[in-house]
Amino acid sequence: MNEETIRALLESVHQGSCSPDKALHQLKDLPFENLDFARLDHHRALRTGQAEVIFCQGKQPDHIISILKHLGRKAENVLATRLDPHHAETILPHFPEAYYDQQAHCLLLRPLKEPAIPGKILIMTAGTADLSVAQEAWLTARYMGHDVDTLFDVGVAGIHRLLGQRQLMDRAEVIIVVAGMEGALASVVGGLVEQPVIAVPTSVGYGAHFQGLAALLSMLNSCASGIGVVNIDNGFGAASLASAIVRRITRDR
Amino acid sequence: MNEETIRALLESVHQGSCSPDKALHQLKDLPFENLDFARLDHHRALRTGQAEVIFCQGKQPDHIISILKHLGRKAENVLATRLDPHHAETILPHFPEAYYDQQAHCLLLRPLKEPAIPGKILIMTAGTADLSVAQEAWLTARYMGHDVDTLFDVGVAGIHRLLGQRQLMDRAEVIIVVAGMEGALASVVGGLVEQPVIAVPTSVGYGAHFQGLAALLSMLNSCASGIGVVNIDNGFGAASLASAIVRRITRDR
Amino acid sequence: MNEETIRALLESVHQGSCSPDKALHQLKDLPFENLDFARLDHHRALRTGQAEVIFCQGKQPDHIISILKHLGRKAENVLATRLDPHHAETILPHFPEAYYDQQAHCLLLRPLKEPAIPGKILIMTAGTADLSVAQEAWLTARYMGHDVDTLFDVGVAGIHRLLGQRQLMDRAEVIIVVAGMEGALASVVGGLVEQPVIAVPTSVGYGAHFQGLAALLSMLNSCASGIGVVNIDNGFGAASLASAIVRRITRDR
Amino acid sequence: MNEETIRALLESVHQGSCSPDKALHQLKDLPFENLDFARLDHHRALRTGQAEVIFCQGKQPDHIISILKHLGRKAENVLATRLDPHHAETILPHFPEAYYDQQAHCLLLRPLKEPAIPGKILIMTAGTADLSVAQEAWLTARYMGHDVDTLFDVGVAGIHRLLGQRQLMDRAEVIIVVAGMEGALASVVGGLVEQPVIAVPTSVGYGAHFQGLAALLSMLNSCASGIGVVNIDNGFGAASLASAIVRRITRDR
Amino acid sequence: MNEETIRALLESVHQGSCSPDKALHQLKDLPFENLDFARLDHHRALRTGQAEVIFCQGKQPDHIISILKHLGRKAENVLATRLDPHHAETILPHFPEAYYDQQAHCLLLRPLKEPAIPGKILIMTAGTADLSVAQEAWLTARYMGHDVDTLFDVGVAGIHRLLGQRQLMDRAEVIIVVAGMEGALASVVGGLVEQPVIAVPTSVGYGAHFQGLAALLSMLNSCASGIGVVNIDNGFGAASLASAIVRRITRDR
Amino acid sequence: MNEETIRALLESVHQGSCSPDKALHQLKDLPFENLDFARLDHHRALRTGQAEVIFCQGKQPDHIISILKHLGRKAENVLATRLDPHHAETILPHFPEAYYDQQAHCLLLRPLKEPAIPGKILIMTAGTADLSVAQEAWLTARYMGHDVDTLFDVGVAGIHRLLGQRQLMDRAEVIIVVAGMEGALASVVGGLVEQPVIAVPTSVGYGAHFQGLAALLSMLNSCASGIGVVNIDNGFGAASLASAIVRRITRDR
Amino acid sequence: MNEETIRALLESVHQGSCSPDKALHQLKDLPFENLDFARLDHHRALRTGQAEVIFCQGKQPDHIISILKHLGRKAENVLATRLDPHHAETILPHFPEAYYDQQAHCLLLRPLKEPAIPGKILIMTAGTADLSVAQEAWLTARYMGHDVDTLFDVGVAGIHRLLGQRQLMDRAEVIIVVAGMEGALASVVGGLVEQPVIAVPTSVGYGAHFQGLAALLSMLNSCASGIGVVNIDNGFGAASLASAIVRRITRDR
Amino acid sequence: MNEETIRALLESVHQGSCSPDKALHQLKDLPFENLDFARLDHHRALRTGQAEVIFCQGKQPDHIISILKHLGRKAENVLATRLDPHHAETILPHFPEAYYDQQAHCLLLRPLKEPAIPGKILIMTAGTADLSVAQEAWLTARYMGHDVDTLFDVGVAGIHRLLGQRQLMDRAEVIIVVAGMEGALASVVGGLVEQPVIAVPTSVGYGAHFQGLAALLSMLNSCASGIGVVNIDNGFGAASLASAIVRRITRDR
């Protein structure tokens, strides 16, 4: 709801082409659709530059189906994250084009398209147990139109595996580091590169890992600067931030 | 220590212009300077694109003076963060050009120059009590060559103060949101803009704030996506990440 | 057991119409019923103005049935909260009029009546995943005789959805804000309205949400004043407090 | 910025008595004053029904003086909370009418007036060590125009001290319970009365009290319903909520 | 292994009735039985005055059976606590006299005898959801030979239920208070009686109860003195401590 | 306010020797004295068998002086705990007989008397750094009339220091174990003796000790049964519990 | 990748026997094998002296099978830890020689060999419920070629069980102490022996044990020095450290 | 008190050269000295192979002086750790040979001797702010007779500083890694070497570092195996463990 819109609206009121009541209505009639249990925000793409995503955790399957249908009518594609496999089974038959990714726990309403936005995002993981979170990030970034490289299982306990991959890092615009346990990979990468680094702590670990707390604190306290941290296991959030950065970087290309 | 350097070195060994011993020495003689108690990393600017910064907390004044002197010889300017006012008094007389910022608790070895890098960084705070952290971010960003806008005291308890400032937000490449208490400003800004948002929780609050934990958790769990979080009160870290993003964005301009 | 009662009792002892032993008995024979494993408190409605509610978590189905039967004899209706769906299946056949709400995990012994107490309570949620807690609050408020409005899915990541609903807020006597994740909705609402706001953090979130801790701390540290917080997911408690406030407000109407 | 104001503004645009530009200006020129480091919100009293309060923690004395002067010009009185005694000494000479309360750590710009709003607020404490927080609540409530009763040192370890004070409780519209240690007073009072109860955990305690965490958790988990909790030591917040409730209750009297 | 035993042993060595080697053997041959995976401590009853108890959590059924058999040969009776119902089904057929208590999750190898030790233990609970822990305490106390009274569902939200039961409290030697939620019952009882009070926090609650942490902290911070706290849900530990106290009290009767 | 008192009062009303109004007054006029900021509970000694104690933390010196004077008029002696040395200096001149213990941070209004109650309490510490807490326990126990033995610096890292002291343990009725660091002494003592053991975790430690949390959790999870735990550093609470037990044990002697 | 290797490589470049390109390749071609989802580190044995181990938690069965096959080709044996029994059932049929240990949740690709490295490791447990973790340590140590003694169920509640086993302790080079609950065994053993002690906290306990936190903090705060702590339930890590120490000790024998 | 000693004693009783009473006395007269407030353990050096160390935190200066005097009479040298500079000033005049290390906060009763035990200990730090803890470790190790190398400021944000120091690592028997912030250095070193690694988290950091918790959790969750962790800032403990390992390694040289 920016200044220009309001100014235009006011001008039309001034010129008599729009009544005060109608203008009031327009000022109030914000661009969301009311499903009673949910208010769909069709203009978010315009406002924040991001596409429609449904966070499914805690939502009932029939609600998800209803939201998917409404969003699907206006949006090119829809991504549903944190979707339980059992719920996916209930939901999939309603959407013939939809695809459910077992590892990422995500559903796509329609097939992915080829990357449309220049600039690569690199997704790295410390171990193979971090793959599920990395896959959520991969799917989100690809869904948002980005080109994604991956580099898996390069944790710091065998640091030569990482040092040999300088080229892959150099050609990325942004690097997402997904790591559980002590999450040290974020610090090592952050100290090697000049790109922005997005760190995703994962809940991979046991005992005093406290479901990701150890990796989260580790990343927040990184001795390398230039690192932004997202929530534990939040592959989606990391890809969203990466997307915002890359879209900004490549706006003028 | 990139591939090209090694290849060139190996070529000169191959051509006999460099002995194996000398090459070995070069491979080992990494670009840091040993002060015995500290190893100065002069090439970090080359490697990560960032200038020299000294984190002073826990360091003794004579160590800081020594590091400042060594770095000052090779770098254009040096920033010292988390410098205690009492230590600053001891240190300042050794460096006639230096300036100590009481609010940011930072020292600059030489005066700031005009912004050299295109693209604005916007620093917002929720309240006036967050100014100290915002100032650390401001000084860091300016020291790294950036142009910075500020928008202070626009917390969500009076959300109209924020909504009236859409233009300032629109012209920034990256937005840093500094907020204590419940840190809700990050979510509101994150839901309004398409730029990357960097959230800095501050330790401003009391009781169940637990020295910034409340704001930190709040920002990590933001319902708006595209937000990267740094450590509590870490204005320096936020500016470093903003700098990495803006330098990337404006590389080709 | 107020002063007047005691005074009357003492008067009747003084006048000989009541023996000391009998008076002692009355002073001791407080208005609860002993089921051996539970002491039912029939006079709570008189004392705190609230109706009978059974908190079922941790109770065995046969105990719940027994309590429902005893309470049901003297009370107009009974609400059972936190009732497991499996236990509900066991319990329902014993009470032909009873109704079990799947979303709220609550059982009502008899049908709800029309709202009897003037003054509206507004229940808002940040997302659709908070609906289960909101429904517990709704059922409780309605059971206690109140008129309830709802406004769902108006989280701060799309703040225009909220700002367009000023009228609904204005006509409520008390507002209950149900929110998970960073719980910022409570602060934004608290900054907009003059009514008392009751904030209910929910356990909706993941990772560093720590089962509702993030939202709880956020709400306790709200930069808006005039907000009372209840336990995580405690829709019942929020409605009870709202009821106490509204009954007080509308006492004289 | 309610609907009526916008409608009136739009009408005047429609009738030509106000130009679109001027209307735009008014829509943007929100009622706050910009001090550069702070944005004063003069209309908060209109919007949330509450008077001007400055939270001083983390603010510098000269900033506080400046804010007090600006607010003091338009508001009848100003309350400054969490004001350090040393800062108070610096600030007081600038305001001849001002008064600093040592126990509450609060400053009032001008003397308190007689209570103007009908309806009593009762402030209870469990111990004498909770008096500082209770005094902040008392001052805030009185500053907001309320009539306040107090009942101190009635903790549950000597429960007869409490039970003998039924009358004081009965005549209050709202009860604020201030308690440290295990905070059990809130539960006992909540089980005795029908009024809304606002619980303020204090940091009074030691060892496993963890600066108020024990009392906070205790109050959030109260077995009595109808209790709203505010932040640890937040006497101001409790009084604000009490004020919102009482103003609502007594609106029509 | 007290002084007298050693002195007697040394005397017999001195007198030649016991060889040094044999004495050494006796000094080393401490009274436990080695099952390879477990070392049974038959003399614990002598040493600490307590009977044999098996803590079953984390033990495999065949290990439990083996331990029960070995202990059962020398001890009059054996109590097994924290025994999973599924494991109980596997174990019961091996011991015809054994009895499994579903609520307490305990198994007794042989039937309980009449109380042999004078002096009553009173077990109180705040709610009916605390019964499972109370039952573990009851069974343990009875197994150790004590006479036990019970008083259930007397939580502080209806404090008159408690105040009417002064007699039961007065006739106990020790009082065990079992309470979840905010655990305030311990403080209220501790302020009313002169007997030692043992407080057992239970994990009954939700949200910010954090599996019993709220009740635990509450009890540790009780404003009433003379209260000893045991681990969350540790009915067994409470009864053991009560037993140690009562045996001490009634030693000379 | 026990049954007999009420019955007697009612009888006198019945017989006309006491008017209903006077009886009501007596029922309400509970035995505490109102100092406005504090309600002194003179009958606590009767009710819980314990003497008057003032917890000074958070109280102002003039309040403490006032309470000491009022309590001192009716009680034989008064103990003030957690009294800051600086406050003690202010307070001591008002009470010529008073004594301040620097190590225990306690003040006694009048000199200690010889132990009047049979039965020994043994206070053990793991290290010399625990002496301050042990001294608070010692003073409290002696003030309450008990005979106290001490055994200091017998931590488990040199377990032979402990095993050689069996006799001291054997002659105590109750054992208080004061320990910081990992608090293992409580478990070792608990496994050796048949007496009740009261464990006091101290805040002695650093790093991951978290101000006593490590020792507290350790003691709550002791593998030895029959141990009651009090708050961190709570020497007073431990002695109060020990006193309640010993008075019970020796009632009939 | 040590200095000698690089020097030799450079020499061969200098002598022309190796081209620069080939040398570059070798410098980059580090000794791991890329399975796309995992990078196998065959040279870890050379680098850290330890054999190949797969941490299976969070990995999918087909990934584990693939890794086992690749590692199995080059390594003498492979150990897979934290392997779920259900996954084990899927995996075992692919490897005829493999063995799955139900208690340790570990799989060995081929049978264990006789201990090859001199020097004993002693594994002690406090209780029988710690056996699962102890077994993981035992299997790991044996797999790494060590000779292992065990001493189970010697917790400090019956400290004589421990004191009688001095000989077993004396003949070990390193002692691993596995303990849950309050973990006091580590301190007692640490105070008795001169060998390095490795402490493994286990998650055995309940209530305020917080899944091993109590034992972990206890061991980190041990009053005995010379103790190294590993993560909760980390039997593998303890054995790895023990192995590193013993291999170092017995290098020259 | 090993088996041989007891056997010899028993033999002498058998032969009559020692009376039972005298033997009993010897068995009880364990080798510690009672200072009333402390029990000095002169034989600890024999038992655990470690020299006398006084942990001064929480001890009063006169107690420390007294302990130093008693230990100083029998031991060759004494180390006092965690000694406050102010206390050091009070204590130093009593001991002419003593030396106080400002950085390590340690006092040595007499000058250090040349290293007597073969085998090097390497102490590494991540930053210069960790030097204080490293110095405590250095002093302890040297006091215990070891040869120590140091490698400071080699944190992972500039990993080439570390990789160039392979030789120093290779020649150590044990490596102590001291690191604050995210503590990642421990993992990187652990993945590079075959020696045992002892990790010391430091409290260097801010915000979400929580006084060392972040580094502690990070080290406990290291993806590299073979790492033993000690308490936060516990340089002394790390050196003690290193000493135990090195003495074991070099016993036979």
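Think of it as A, B, C, D, E, F, G and H in the order they're written, each chain with its own count starting at 1.
Just so we're on the same page, a residue touches a chain if its C-beta (ideal position, glycine included) is under 8 Å from a C-beta of that chain, and two chains touch if they have at least 3 such contacts.
Being a predicted model, the structure only gives us computed values, none of them experimental.
Common neighbours of chain D and chain H under the contact definition above: A, B, E, F.
For the pair chain B and chain E, the CA-based superposition corresponds to a rotation of 180 degrees in steps of 5.
In this assembly, the chain whose C-alpha centre lies farthest from chain B is E.
Looking at F-H and B-G side by side, the one with more C-beta contacts is F-H. Note: centroid distance chain C to chain F, computed from Cα atoms, is 40 Å. Centre-to-centre spacing of chain B and chain H amounts to 38 Å, using the average Cα coordinate of each chain. Taking the mean of the C-alpha atoms as each chain's centre, chain G and chain H sit 25 Å apart. Touching of two or more other chains is recorded for residues 3, 28, 47, 127, 158, 190-192, 207-209, 213, 216, 220-221, 224-225, 231-232 of chain E. Pairs of chains that satisfy the touch definition comprise A-B, A-C, A-D, A-G, A-H, B-C, B-D, B-G, B-H, C-D, C-E, C-F, D-E, D-F, E-F, E-G, E-H, F-G, F-H, G-H.
Residue ranges on chain B touching chain A, taken from their complex, read 2-3, 47-50, 53, 166-167, 170, 173-174, 190-198, 216, 220-221, 224-232, 236-237, 240-241, 243-245, 247-249, 251-253. Per the touch definition, chain H reaches chain B in the complex via residues 127-132, 152-154, 158, 160-161, 163-164, 180, 204, 206-209. Put simply, chain C touches chain F in their complex at residues 3, 6-7, 10-11, 13-14, 16, 19-20, 23-24, 27-28.
Only residues 126-127, 155-159, 181-184, 187-188, 190-192, 205, 207-210, 213-215, 217-225 of chain H touch chain A when the two sit together in their complex.
For chain E in complex with chain G, the touching residues are 1, 28-32, 36-39, 41, 44, 47, 55, 57-59, 63, 67, 82, 201, 203, 211-213, 216, 231-234.
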